[in-house]
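Next, two complexes with chain A in common: one pairs it with chain B, the other with chain C.
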Partner chain A sequence: MKFVDEYRDRSAVQQMAQAIRRTSTRPWTLMEVCGGQTYTIVKTGLQGLLPEGITLVHGPGCPVCVTPLEMIDRAVAIAQRPEVILCSFGDMLRVPGSTQSLFDAKSWGADVRIVYSPLDSLHLARSYPNREVVFFAVGFETTAPANAMAVWEAEREKIPNFSMLVSHVLVPPAMEAILSSPDCRVQAFLAAGHVCMVMGFEEYVPISQKYRVPIVVTGFEPLDLLEGVRLAVAQLESGRAEVENQYLRAVRRSGNRPAQERISEVFEVTPRAWRGIGEIPASGLRLRETYRQFDAESRFAVKIRHVEESKECIAGLVLQGQRKPFECTAFGIRCTPDTPLGAPMVSSEGACAAYFHFGRRNEDGNSIVSTATTGH
Partner chain B sequence: MCLAVPGKILTILEEANLGLRRGKVDFCGIRKEVCLDYTPDARVGDYVLVHVGFALTIVDEQEAQRVFEALRQLDQLEELKEIAT
Partner chain C sequence: MAILSCPLPRPATDRILLAHGGGGRLTNQLIESVFLSAFSNPALQSRHDGAVLPLNGGGLAMTTDTYVVQPLIFPGGTIGDLAVNGTVNDLAMCGAKPLALSAGFVLEEGLSMASLRTIVASMGAAARIADVPIVTGDTKVVDKGKGDGLFVNTAGIGVVIAPKPVSPESVRPGDAVLVSGDLGAHGIAILSVRGGLEFEGAVSSDTAPLWPAVEALFEAGIEVHCLRDLTRGGLSSALNEIAAVAQLRITVDEVLIPVSDIVRGACELLGLDPLYVANEGRFVAFVPESDASRALEILRSLDVSAGAVRAGTVYEDSCGIVTLRSRVGGNRVLDMLSGEQLPRIC
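What follows is the complex of A and B.
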């Protein structure tokens, strides 16, 4: 595939790894923010190509992983109503709530469907005018333009039986939360390329300056990730802390303006609880007053009990880069993708699932990068 | 979740049934209809990055080559260093 395969080329990847080895003289800890980046790093064994002192820790950029338990319980309770068709992306359906996942609810008779795009759920609402179609909207800034468009279109067409359960989160406040923790290990960030494709990267400049931390906007293929590491290490070695853009083929400084305009027309910033981390101020999106009639949370008044997370699961520490998945006592024993204790074991982009599927293969440090890499 | 896949625009359907600007995009043989409202400058033949049915950016073909140019320069720099020592 053009613009994918060439960035998986073995010799180019090895050349870039060599350039990193030449650049680095000291140990450094870098965090890749996005779960899609984590997936590529663990799957292709990129850590094994880096000099020993350079450690990649994995960030909170997996929306499925940070969606609070209560929100999943709410989605399950709404899905159980006989008039409702509940739709979401595939990953979301397997995440365990306090008693069941959306897939469990489906096996008990709830009408739960996987869709590719929020526009598909709008199409369902048109096709089933006597049913209530609810889209469970999770995601970062990358997904917000699509969800905003679905609500905007529902308003334009006056589709009364469509609504959205919104659990949207924003990346920069989470990066600040990680940096301001006293246990923070992160010395530089590889920022999430596709989030910046929508939002641009101006908002990272004050974070970089305040915490004196290099932030490199980075793509998702092996060569992108290693170039991101090289640029971040070069900054650290020379004592600089700037925002740089590695992912030039996709990201413009000011991002995608029409998408930003549609997001801010439909959504407004709100405090949001992150699973495993807690509430972060101004870190989420909710529907604006003018679009509140599409809010599933107020349309379906379901009662949700406060529930405790598994005591053994250390997902919160994994999501903040303070622990690696294999440092958890439940990893691979009581917690597997079939019987997950926490969400990072569910989503393919969750750090725990990535280590479960690919990590062991790379314990000897052998890279499995090849031009034939498929999947992500 | 933030996966975005590059595809080439084959046709643009201006009179879309939804009122949204749509196009047929080819992903290595798989063709899908994609919303082009967020890429108003996209033309037939352009590559766009598509996320959950929406094109969110036009791939800059020149910038896409930059990393390979950077690798060549890094290598040349290293050769010069070796000659100098």
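What follows is the complex of A and C.
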């Protein structure tokens, strides 16, 4: 497969790993921001190819993981209304709310559907004019343009039975939140390539300067990630802190202008709570006043109780790179993909699920937990 | 050990979820917690694709399977082909030559007669190709809305011709792991019509009877230790089930596992892993190292297994796990599917 195979070539990857070994003289801790990157790292066993001192910690870039519990409860409550067809991306349906996931709600009779694009839910709204079609919009800057497009289309076509439950989040404020924590271990970032494909990378320059931290815009294939590591390590070794672009084949400095325009026409920046982390100022998107009639939150006034997260779950620390999944006492025992305590155990992009599926070993290669003996 | 109270969230076990039918971890839990305890007996306990019952010094294999696929007619086959081939294959995986099948239909009021005829004709054709008669059957009709057009159940009996038990317990350290062809075509063919997705070039289901390939191995005197068709849950689930029962480690190399470009591309796009995608005409065979190259040669000489490869090896390890050497050379655990495989978000 063109544009994929060349970035998974075994000998090219081994050569890049060697180049990193030659570059690094000291231990460094790097964070890959995006859950898609975490998935590749764990799925292809990349950590094992790096020199011992280089530690990759996994960032908050998993849309499913950071969507607040209350928002999932709200989606479940809306889905339970008989007139509603609730649509979202597959992963989102499995995330536990305080009492139910959307899949649970489906097994109790709610009309919950997986779609591949928000425009599919718009199509559903046209096909079922007597039902209320609600799209549960989660994600980062990557999914925002298509979601904005769906609302823009709904307004243009005056589709009255379509609305959107918006829980959008933005990457740069989360990176700042991580860097300003007193327990921050992160010395360099591999920024999320697809987010930068939309937004460009100008906005990372002040972060890099303020916190003296190298930021390398990085792709998602094994060779991309290793090259990102090499560039970040080279900066750290030489005392530089700059924004660099590894993902040249997809990312331009200014990003995708038409996509940005569509986002800012439909959405505005708002404070947003992140599951496991808490509220971060100016870290989310909500519908602008002119599009507020499509806001599912105001269309369906559902009452949501305030709920506490599982006390044992350390998802927030995992999402900030302060703990590895296997450092959680529930990992693989009380918390598994079938019985998740926290969202990172649900999505394939969640660090805990990635470790559960592809590792269940610590970095010395020793088994953390044997599923044969624990049962659940 | 202190009992920690984790009230959130409740495990979703008080209702059946779709994932209970996904062939992964939840399916296994369902079988263990509900069916095995209620039906407990030695033949069932072996957890094979079919049961092997002793009969006059020989062995009689028996299996049953129910088909609920949507759409009923898809690229490369129909629910009828699947129902015949699936049961023939379950018998083959027990080392048994299929003797006869039954067919039970649940028809929904309003199903078009033309669709029914097409499906039944394809069952007849598949049975003739597999050289096994459908000797008994049953039909029920349910109210509109109470069935998805048509469900089919087939059961089959076969006579065991394997000289030694073909089961996960027979797998030995050092065994070669043979995969009979490229993976994922059936699952992607179904998804492509179900999701209204179109890919460059057509993907057709690989549905086919596997008995000829299995029979050829036995006729050549290959010492077959274990066979498993790679249906729900794909190669990963099959290997994990076998590794868990055998209490051995199965190691496969991603580079050696064949996946067509179209299936890889579709999986890439949808965020699926071809190693978990269902097949209806593929199987894995465990044979001793000394028989491995001869077995491959035999498999490759037949159309149904022309793409056979050696994908890995079995090692001593009481953990009962499957490991994968990734495309780029890293090592990781290849886990059983949890829940349904879901398309990812971005």
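Methods note: the second predicted complex is superposed on the first by the 359 of 376 C-alpha atoms of A that agree within 3 Å, B and C clash if a C-alpha of one lies under 4 Å from a C-alpha of the other, contacts with A are read in each partner's own complex, and residues count from 1 in each chain.
We adopt the following convention: contacts are C-beta pairs under 8 Å (C-beta built on N, C-alpha and C of every residue); 3 or more make two chains touch, one makes a residue touch a chain.
Computed from a predicted structure; not experimentally measured.
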Touched partner set for A:T336, first chain B, second chain C, both or neither: second
First (chain B), second (chain C), both or neither touched by A:F140: both
First (chain B), second (chain C), both or neither touched by A:V64: both
Touched partner set for A:A282, first chain B, second chain C, both or neither: neither
Touched partner set for A:R94, first chain B, second chain C, both or neither: second
Which superposed partner A:D104 touches (first chain B, second chain C, both, neither): second
Partner chain(s) touched by A:V205 [first = chain B, second = chain C, both, neither]: neither
Chain touching more of chain A, residue-wise (chain B, chain C): C
First (chain B), second (chain C), both or neither touched by A:E349: both
Shared chain A surface residues [contacts with chain B and with chain C]: 1, 4, 36, 63-64, 89, 91, 116, 138-140, 142-143, 194, 223, 347, 349, 376
Interface residues, chain A side, partner chain B - complex: 1-4, 6-7, 12, 15-16, 19, 22, 34-36, 61-64, 89, 91, 116-120, 138-140, 142-143, 145-146, 149, 153, 156, 192, 194-195, 197-198, 220, 223-224, 227, 248-252, 256, 258-259, 262, 347, 349, 376
Chain A partner contacts - residues on chain C that touch it in the complex: 4, 6-12, 15-19, 25-26, 29, 195, 197, 244, 255, 261, 264-265, 268, 270-271, 319-320, 326-335, 338-340, 342-346
Touching residues (chain side chain B, partner chain A) in the complex: 1-6, 8, 18-20, 27-28, 35, 37-40, 47, 49, 51-54, 56-57, 59-61, 63-64, 66-68, 70-71, 74-75, 78
Sites on chain A touched by chain C in the complex: 1, 4, 8-10, 13-14, 36, 42-49, 63-64, 89-94, 96-101, 103-104, 106-108, 114, 116, 138-140, 142-143, 194, 222-223, 307-312, 329-330, 334, 336-341, 347-349, 353, 356-361, 367, 370, 372, 376
